[in-house]
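Below: a set of structures, written as structure tokens.
Consider the two complexes below, in which subunit A is the common component and subunit B and subunit C are the respective partners.
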Partner chain A sequence: MQKVDTFRISLLPFCILIFSIFALMIVTYLAVSVPIFQKEGPQIYTTNIWKAAENNPDEEFYGVLAAIYGSVYTSVLAVLIALPLSIGFAVFVIDYAPQKIKEPLIVTTDIMAGLPTIIYGIWGAFVLVPMLRDYVMYPLHKHLGFIPLFSFEPAGGYSFLAAGVLLGVMVTPFASSIIREAYRMVPFTYREAAFSLGATRYEATKILLSYIKPAIIAGILLAFGRAIGETVAVSLVVGNAFNIHPSLFAPGYTISSLIANQFGNAFIYGYMVSALFAAGFFLFIIGLAVNIGSLIILKRWYSHAQRF
Partner chain B sequence: MPRDFKEKFFLFGIAIIAVLTILPLFHIIYSVVVEGLPVLLKGGFKFLFGTLAPPGDGLGGIGPAILGTFILTFLASLIGLPIAVMTGVYAAEYPESIFGRLARVLLTIMMEFPTILVGLFVMQILVIPMGRYSAIAGALALAIVMMPYVTVYTEEALKSIPFMYREAAFGLGLTRFKVVFRVLARMAKKGIVTGMLIGMAKVAGETAPLLFTAGGANRIYFAGVDRPVGAISLLIYNLVQQPYENYHEIAWGASLVLMLIFLAIFLPLRLSLKEVKL
Partner chain C sequence: MIAIETVNLCAYYGQKKVINNVNLKIPKNVVFAIMGPSGCGKSTLLRSFNRLLELNPNARVEGDVKLYGKSVYDMSPIEVRRKIGMVFQHPNPFPHMSIFDNVALGLKLNGLVKSKKELHKTVKWALRKAALWDEVKDRIHEPASALSGGQQQRLCIARTLAVKPEVLLMDEPTASLDPVAMEKIEDLINKLREEYTIVIVTHSSAQAARVSDYVAFLYLGELVEVGKTEKVFEKPKSELTKRYLMGRVG
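Now for the complex of A and B:
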């Protein structure tokens, strides 16, 4: 007679609960987004219009393209900042930092990765933004204002650049920890081989880094995912304006800051809740794609790396 | 020689990069202390226990927000920890089952999920039916954010125990329940507790999931789990956006308090371990 595994059966409900929460989340996002899809179709994602009309739902029209643009813009900036910093930091900690400061350096970046994001937010709004405005944005705008990137007059300082820099600071420790773990796994014989060929430390590092390239890509992808989902810190520095402008100094919106800003009063309108859920759903999909992609890359790389 | 030059440039460069990477943290800590400490000293005990001042008039206190953060973290743990630990046990015990395998993937994805989406979700399923913001809604959102960390730590802690111990425990004729909870869980205690504390440290500082769930209450202390409740992070977020000078001061003071709470949980934890997942 087959014995019933009561232990397993008693644990199963907890497991199923987590899966149902996730499933319910997807269903909720889809269900609440339906009205806006029925009304506007794909235009919710392809236009930059934000027309809220009280008492007259037919007049309302929402297009979140500006927020999508801002999310991608700021996250790409963040990744561009995080890429050199996280690789450099990982290499420094593993190979070149004196033994004594290795551990403190890693602890420091772990604190950075865990620090409540609202603290980054207040620092960004009151310290980073004025600093960037006075020492970076104004000089660049004054002397190189003819270049589209610098063309916008940085009035308040709240801008794509401020958000990108803040996000870059926030995601660097996280990207670095993934790259560091991979870099640590590079077999010692590879280092020996590189040095025995007479490579300088610079050349050896370059060779070793090419070996962990997939892990770097995965780390950067995950950092991108974190940056695009970050809410409060960004919404305090990005300026919150519906704006599709090429300039780094222009204020804008991101999907998450749009939700944070507009959701509070969305209920008095007919379709705004639905529009915001549709924007959230977009974020959901990007997050899912980025995460699954990087997980696959990492998994493949680790199983490949273990064979050496 | 260019090769020689490149080498020196490279070493110099990555040292600079390493400094640049961690420099912001020190500047943040410096700013929060320089701006927040005078507020804390000026406000004294009243700052920690009092209620929020009116706009443009003095410091008042952030008592309800501090209490709210503790209540929310506690309630979130109450909801999230049992589910997360049990799921972690399941994933460790039955790694080949469909749920076991999928759980790992799902949780890793959930770990990286934008937390604002969790807040929005809880608002839709709990706040709207209830008709108001509440502590329980905030706690549920935080619990969803917390669960993946705790589960992954639990699973890894249990898996790290050598197989021998399992064999020995079964060899004594113990039931699976006793093997797991009496023998293995005790041995993996440190890892499991670490996961719980990391999860709690994480949610104590979260803001985005609370935006549309906890509601915020800064002038009254706790009124019940079905009533709105404040949180330090939420308070800072709201105060920074206000135009009043005294509100900005309170925000800095509150940031210092939040940072100290975070460091008090996180630092001892981090120093007792080799690495953490965040």
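Now for the complex of A and C:
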């Protein structure tokens, strides 16, 4: 008879606990969201209204479209910024960095990826926002203001752009480490093959990057997931205004900053808590989809890459 | 005419010397085999010819390698590698690219074709030359990873030929293949010998005897013996070569 592994069994409750907490969380989200769905239906997600009435719950109406718009807008910006930065950085670390500074660079980026995000937020609000406003937003608005992207007069600088840039800076180390690990795994023989055909370093790098394309996509998706879930740092720089505007310089809201800002007094109202939970639920679904999708891509790629 | 000549060639990995003062002359349009036991430096020697050794930051070369009398160190590494193509021990077509794209890659990189039509023509020519066309002509847009090992190796040969090199380096091209696939590659080498200078590394003296005109025996980084294949096999000058050929070394 097999000996019973008591240690293993003693770990089981922890495992069960974690999963029950997770399951309970989903149930809570659904349950608390129900009232707002019953009252408004899909309009909670398709309208941009934030009407809180203190004494008459029937007059309350919440539509979080502006926050969804802002979340997607700022996260897409972040990813557009992080993509070239993280690929460039990964290639630099693996191919060009001298052996001596390679490890310190890797450790530093990993630390940067794990820093408390409020640190980025404060830096963003005090340094990044004024800098962007004076050196990027105003000049662009003045000379190219007729383009919708630059059409909004950048008052304080708190804007989609500021949030996007800050998020881009924040997720770059994270995306870069995923891309870096994949790039490091490219078998040496493919490198040799590329160079033996007369490729320049730039061309060879391009060929090898095309080989790890799935990992790059996964890294960027995961970065998107991080960016869209980020709260504190964003709420310090995005402007927190219910605003659906095409301009980069307009202030806006994101789902997470909306929740963070409104939760404190939401209990006074009849439906606000429910509306915020519904917004959170939306974020939850996006996060789940993005993470599952990228993990599948990554796993498939790694098992494929290991065959060579 | 001498295609490749090495002059007092030494190669190091860090402090470790793995090629020791090798002087070789490889005539044009012959199959030249380099044989020797595992770890004697065959791959290193071959990679010094097309300057591929430079990919390894620890590797260092002393002495000279000449291609038709001109030092490869006086050319750009890109030019050298285009003129001296290479096929590797493990078939390494890019698995994420199609059969067509694998062959087309070198052509595009070096700007060797001017039109799409010419690209298609040259890819087809290279696949024919590598005796692969008939097997893949209906599926050249499928990924290269779908091919068998032997087919992948011929695809690598096609990829190399497409760039129109003058010299072809082959590092144990059949080491990871089954006997049937190996025979196909050896047949192919026999066909290509008229137009190319082929340097083939092998740890099998039988293969060297089958395919080569000249053979060099390398042992612990030193050139022990070199000469016409039948001469070396019939009457090896060195005791070490004799023992290797009888299977007592390596």
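Keep in mind that, in the parts below, the second predicted complex is superposed on the first by the 299 of 308 C-alpha atoms of A that agree within 3 Å, B and C clash if a C-alpha of one lies under 4 Å from a C-alpha of the other, contacts with A are read in each partner's own complex, and residues count from 1 in each chain.
As a convention for this text, contacts are C-beta pairs under 8 Å (C-beta built on N, C-alpha and C of every residue); 3 or more make two chains touch, one makes a residue touch a chain.
Here the structure is a predicted model, which is why all the values come from computation and not from measurement.
Once the complexes are laid over each other on subunit A, subunit B and subunit C both fit without any clash.
Applying the stated contact rule after C-alpha superposition, one finds that A:119 touches subunit B and leaves subunit C untouched. Of the two partner chains placed by the overlay, neither subunit B nor subunit C lies in contact with A:296. Counting residues of subunit A touched by each partner, subunit B versus subunit C, the larger count belongs to B. When the two structures are aligned on the shared chain, A:172 is found in touch with subunit B, with no touch to subunit C. By the touch criterion defined above, A:147 reaches neither subunit B nor subunit C. Between the C-alpha centres of subunit B and subunit C, as viewed from that of subunit A, the superposed structures give an angle of 100°, to the nearest 10. Applying the stated contact rule after C-alpha superposition, one finds that A:192 touches subunit C and leaves subunit B untouched. In the superposed model, A:202 lies in contact with subunit B only, and not with subunit C. With both structures placed on the common chain, the touch criterion links A:34 to neither subunit B nor subunit C. Taking all C-alpha atoms of subunit B against all those of subunit C in the superposed arrangement, the shortest distance found is 9 Å. On subunit A, the surface touched by subunit B in one complex and the surface touched by subunit C in the other have residues 200 in common. Residues 5-8, 10-12, 14-19, 21-22, 24-25, 28-29, 32, 84-86, 88-89, 91-93, 96-97, 105-123, 125-127, 169, 172-174, 176-177, 200-202, 205, 222, 225-226, 228-232, 236, 256, 259-260, 263-264, 276-277, 280, 283-284, 287-288, 290-292, 295 of subunit A touch subunit B in their complex.
Every residue of subunit C that touches subunit A in the complex is listed here, in rising order: 50, 52, 55, 57, 77-79, 81-82, 85-86, 88, 90, 92-97, 105-106, 109-110, 156, 159-160, 163. By the touch criterion stated above, subunit A contacts subunit C in their complex at residues 99, 187-193, 195-200, 203, 207, 210-211, 213, 304, 308. If you check the complex, the residues on subunit B that touch subunit A are 3-4, 6-7, 10-11, 13-15, 17-18, 20-22, 24-25, 27-28, 31-32, 35, 82-84, 86-87, 89-91, 93-94, 99, 102-103, 105-110, 112-118, 120-121, 123-125, 144, 147, 151, 175-177, 180, 198, 201-202, 204-208, 211-212, 233, 236-237, 240-241, 248, 251-252, 255, 258-259, 262-263, 266-267, 270-271, 275-276, 278.
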